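Heads up: the structure comes next, in structure tokens.
Chains: A, B and C, in written order; residue numbering restarts at 1 for each.
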Amino acid sequence: MSVASRQDTGFVRAALGHPAFLAGLALTALFVLAALISFLWTPFDPEKMQIAAKLQSPSAEHWFGTDHFGRDVFSMLMVGARVSIAVAFVAVGIGIGFGVPLGLYAAANRHGLIDEIVMRGNDLIFAFPSLLLAILITAVFGPGAVNAIIAIGIFNIPVFARLSRGAALSLWTREFILAARVAGKGSTRISVEHILPNLMNLLIVQGTIQFSLAVLAEAGLAYVGLGAQPPTPSWGRMLAEAQTFISLAPHMALFPGLAIVLTVLGLNLLGDGLRDLHDPRLRRSRA
Amino acid sequence: MNVSKPLAAVSAIAMAIGLAVVPAQAARTDIAVGMVLEPPNLDPTAGAAAAIDEVVYANIFQGLTRFTADGEVVPDLAKSWDISEDGLTYTFHLQDGVTFHDGSAFDAEDVKFSLDRARADESTNAQKALFAEIADVAVIDPQTVKVTLSEPNGSLLFNMAWGDAVIVAPETAETNAIQPVGTGPFRFDDWVKGDHVDLSKYADYWGEPAKLEKVTFKFIADPTAAFASVMAGDVDAFPNFPAPENLEQFKADSRFSVIVGSTEGETILAMNNKKPPLDNLKVRQAIGHAIDRQTIIDGAMFGYGTPIGTHFAPHNPAYVDLTEESAYDPALAQELLKEAGVSDLTLSLKLPPPSYARRGGEIIAAQLKEVGINAEITNLEWAQWLQEVFKDRNFDLTIVSHTEPMDIGIYARDDYYFQYGDPDFKAIMDELNDTTDPDKRTELLQQAQRKIADDAVNAYLFQLAKTGVANAKIKGLWENSPTQANDMTEVYWED
Amino acid sequence: MILYFLRRLTALLLTMFAASIVVFLVTEIIPGDPASFMMGINADPQAVAALRTELGLDQPVATRYLAWLLGMLQGDFGQSYTYKVPVSELVGDRIMVSLPLTLYALALSTLIAFPAGVISAARRNTTADFAVIGATQLGVAIPNFWFAMLLVLAFAVNLHWFSAGGFPGWDAGFLEGMKALTLPAVALALPQASILARVMRSSLLDTLDEDFVRTARAKGLTRSQTLWRHALRNALIPVLTIVGLQFSFLLAGGIIIENVFYLPGLGRLVFQAITQRDLIVVRSVIILLVFAVVAVTFLVDMAYAAADPRLRRRPR
């Protein structure tokens, strides 16, 4: 909420002095990079089966070992990163795309019918056991990455609607908004020109947190078999498949799990770091 | 937490006493049997779930005839029968002194009631076709029942051995789903839903009494949990162990014996025969040649399973080995596709939940890719599969194991999901139904097997193996699975 | 207060009503027929039709919705298609697993989170604080089903201390039951404890900043004295809210963990019911779970309103 130029230089300096933020950035970059590289190169074809070479422990050839079909786990993880990141990104995008306009509109027309519907609708979605509803949705539409995105996206809408409504409500009482009003601007224009830019930091921070939750949710859905369909590798399904081999080939369960943990950890550190950097007052208490 | 202290103390003492009292030498008379699926209810006459039969067949409920461990049909509640010359009248003589578990006597009226109920218009018997030829059931006297057929049926005695044809009492028929009352050597005790069913020996059983006093069926769907529960001894036997990958570890452990047998499950890659380009014989043949059965058995079943070249069980004397006809030959597959004028083929491959389908499907998709066919996998739950594949026939390829015994007759059905219903094949089946001479029957069955192999109706993958594991001291478990059952009547612990 | 109460109550009822419609419609459009599922692939079409009639599936949608709604208002949740017993009986059985599991996990997470949060806040920026922060960061990042697999690998497969799954029933003894619930409870508690510890820490630090705490310190109390005497009590309000929310979350959220450990709980009941198309069970259990969440929220709101009259006028 400060002037941009001052923020930029201060931001970089502060960021360099914030190890958690840097660690988060590094981890996130690592996985995004792995996902991008996987389009061009993976050590092996992640779908190539070598039944004779199944369940091999990590070696110089297969860095993370092979799975029950003799596929290279490392290559599968790289491509799996793509799926995880894409699903989470689009799902959060849906949340922002629908949630923010709803929240802004509700705040601009406070106590209106839409406001009431938005808030009650939020209550309704929040009241549902989220995983169960996601399972129901995929039962209706069938499994697949797109339907996983929809299922996760739906739960992101109320998060962003509530967040932006709350923040917008407090902005509406501020003087610069009153000034804009006096100048004769309509409420939609004020929402877009004055309220939204001031919500950006908040949205970026919350977006990062939601991103990490979406990665976890995608892994959970894929684990129960509702994510991307084979042969497309997905971390959650790799874990589900690893389960019966846990005593024979623990590496099959270890690496996908670590990939999820590190991605989520990276995103959380990044999100927390961004919040600190944008709002130093909070740094102390939230860490 | 305070409340728990006395309880904890009591159970600790009880455990100590229990350990002290049980003499070390005596053979155990209780058994915990692991099953993958929990039955939805316990009435085999009103539900298709195999898990129902796996609990109640031969243990709680009995029919006029029954299957033995090697698939033979032998007398059960009917001790003998007379068949009329024209093959239309069966007179069953019933066992004496049979009582239901609620103490009521079993007689011919119960047989009439059960058969009439199963074939009635409003019947919800899943295998109603078993009773299709029955025209009338008449009580001659309390120990004799006469069954009249509308046309001869060489399989009636076989049909009467199915779990769907067991005899129930009119008084308890409606409540069997939750409180099954039968005539078998074990009676139903308790069902902790989601965990286990308890049976105990029925004291007034009419036949040879069971050797076990108590049988517990524990439901453990998760393969990892199944593995750990056998290892820990929580489960004494797991006749259909869900994870073949773990069997090697059991084999290496002298505490356990691994029992590998055969089932009636022909596992096939079913094709939608009416949907282009699968209506083209060459395309179906190409798919058959693109598939390497042994790799699928090794990769999906860890080596357990017998390759088949037609829809018939290899352990059946009438089986013909036709695997060569669709041997693995990717070059030939590509050739055939070219001849059929098909390129860039994309087919849907819809897979139900069992691991033979899920794992087998991934391998098949990879093999089809090698010959240029792109198989798009969708994993479905059973309910979705039944709707999309079985009912709506909205699929190209699917993998499923047909577990009913002697079910080659499904190829004669016009409306069956893979949509074959070839007139010549139907003629063979019609002739078979009218034939009683065993040699002639074998010949017709072999003709049928060849016909569906020649027409490459489906790609025939392998016969599902029965892979079980049990404590090495347990004897009398079924090795094979002629019907889906866990017959506990002969099971005992060795000293 | 009464007016506020009535308004919140109306909102609750409206939410429940809307939820019932949503749940009914979603389960209505799920592909797959319960009767065909129950009868299997060799079933006679006539027998399937007979079963549909028996289950009442051939009646119009509106009739079935009203019958379900009216039944629930009278406390009748219908009869399970597959198990053929009343849904309330099934739920009653399953809640005897899910509820203890939830309470066990909640107790564990509170037992871990409270001291961790307090130590972390009291010794801010020390090694202990950083250790807690690091652990909680890791804790929220670990998927609980993966953690559950690791627990099984370590304590069931390798050490044989616990069984890898299943629930022997409370008849087998309290200790046996608790033993079976231990690994699942630990798996469920870890992420919750991490969240709770972080909330605990930050709300403690927030209250330490407030005027009355500063006043207390000015009066000569040491930092840890103020922490124990003043800050802790005030910091508990947000913490208890989170605990309340976690309770309703865990009750339904154990679904994956219940599957991993094969526990006959509510989550697995619904999951199974969905795959078996036992729609009446799916509907009724989800409505009950929604009701649990809405009721908890309602009670929390009421408690806040009773404590702080200003909140009553604040629209949510």
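Keep in mind that, in the parts below, contacts are C-beta pairs under 8 Å (C-beta built on N, C-alpha and C of every residue); 3 or more make two chains touch, one makes a residue touch a chain.
This structure is a prediction, so every number in the text was calculated from the model and none was measured.
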Q) Looking at mean CA positions, which chain is nearest the middle of everything shown? A) C
Q. Which of the two pairs, B-C or A-B, is linked by more C-beta contacts?
A. B-C
Q: Could you give the separation in Å between the centres of subunit A and subunit C, each centre being the mean of its C-alpha atoms?
A: 23
Q | Chain centre separation in whole Å, for subunit C relative to subunit B (CA means) | A | 38
Q | Distance between chain centroids, defined by C-alpha means - subunit A, subunit B (Å) | A | 45
Q) Which parts of subunit C, given as residue numbers and ranges, touch two or more other chains? A) 30-31, 149, 152, 157, 259-260, 274
Q: Would you please write down the residue numbers of subunit A that are in contact with two or more other chains?
A: 139, 142, 243, 246-247
Q: For subunit B, jot down the residues that touch at least 2 other chains.
A: 222, 224, 227, 381, 384
Q | Complex contact set, residues of subunit A against subunit B | A | 47-49, 51, 54, 68-69, 139, 142-144, 225, 229-231, 243-248
Q | Sites on subunit C touched by subunit A in the complex | A | 11, 14-15, 18-19, 22, 26-27, 29-31, 124, 129, 133, 137-138, 140-143, 145-146, 149-150, 152-153, 157-158, 198, 201-202, 205-206, 252-253, 255-256, 259-260, 267, 270-271, 274, 282, 286, 289-290, 293-294, 297, 315-316
Q: Could you please specify the touching residues of subunit A with respect to subunit C in the complex?
A: 111, 119-120, 123-124, 126-129, 131-133, 135-137, 139-140, 142, 212, 216, 219-220, 223-224, 239, 242-243, 246-247, 250, 253, 257, 260-262, 264-265, 268-269, 284-287
Q: Note which residues of subunit B are touching subunit A in the complex, please.
A: 222-224, 227, 242-243, 245-246, 249, 295, 298-299, 358-359, 361-363, 365-366, 369, 376-381, 384
Q) For the complex, which residues does subunit C have touching subunit B? A) 30-34, 36-44, 46-47, 50-51, 53-54, 82-85, 90, 93-94, 97, 149, 152, 156-157, 160, 163-169, 171, 173-176, 259-265, 268-269, 274-277
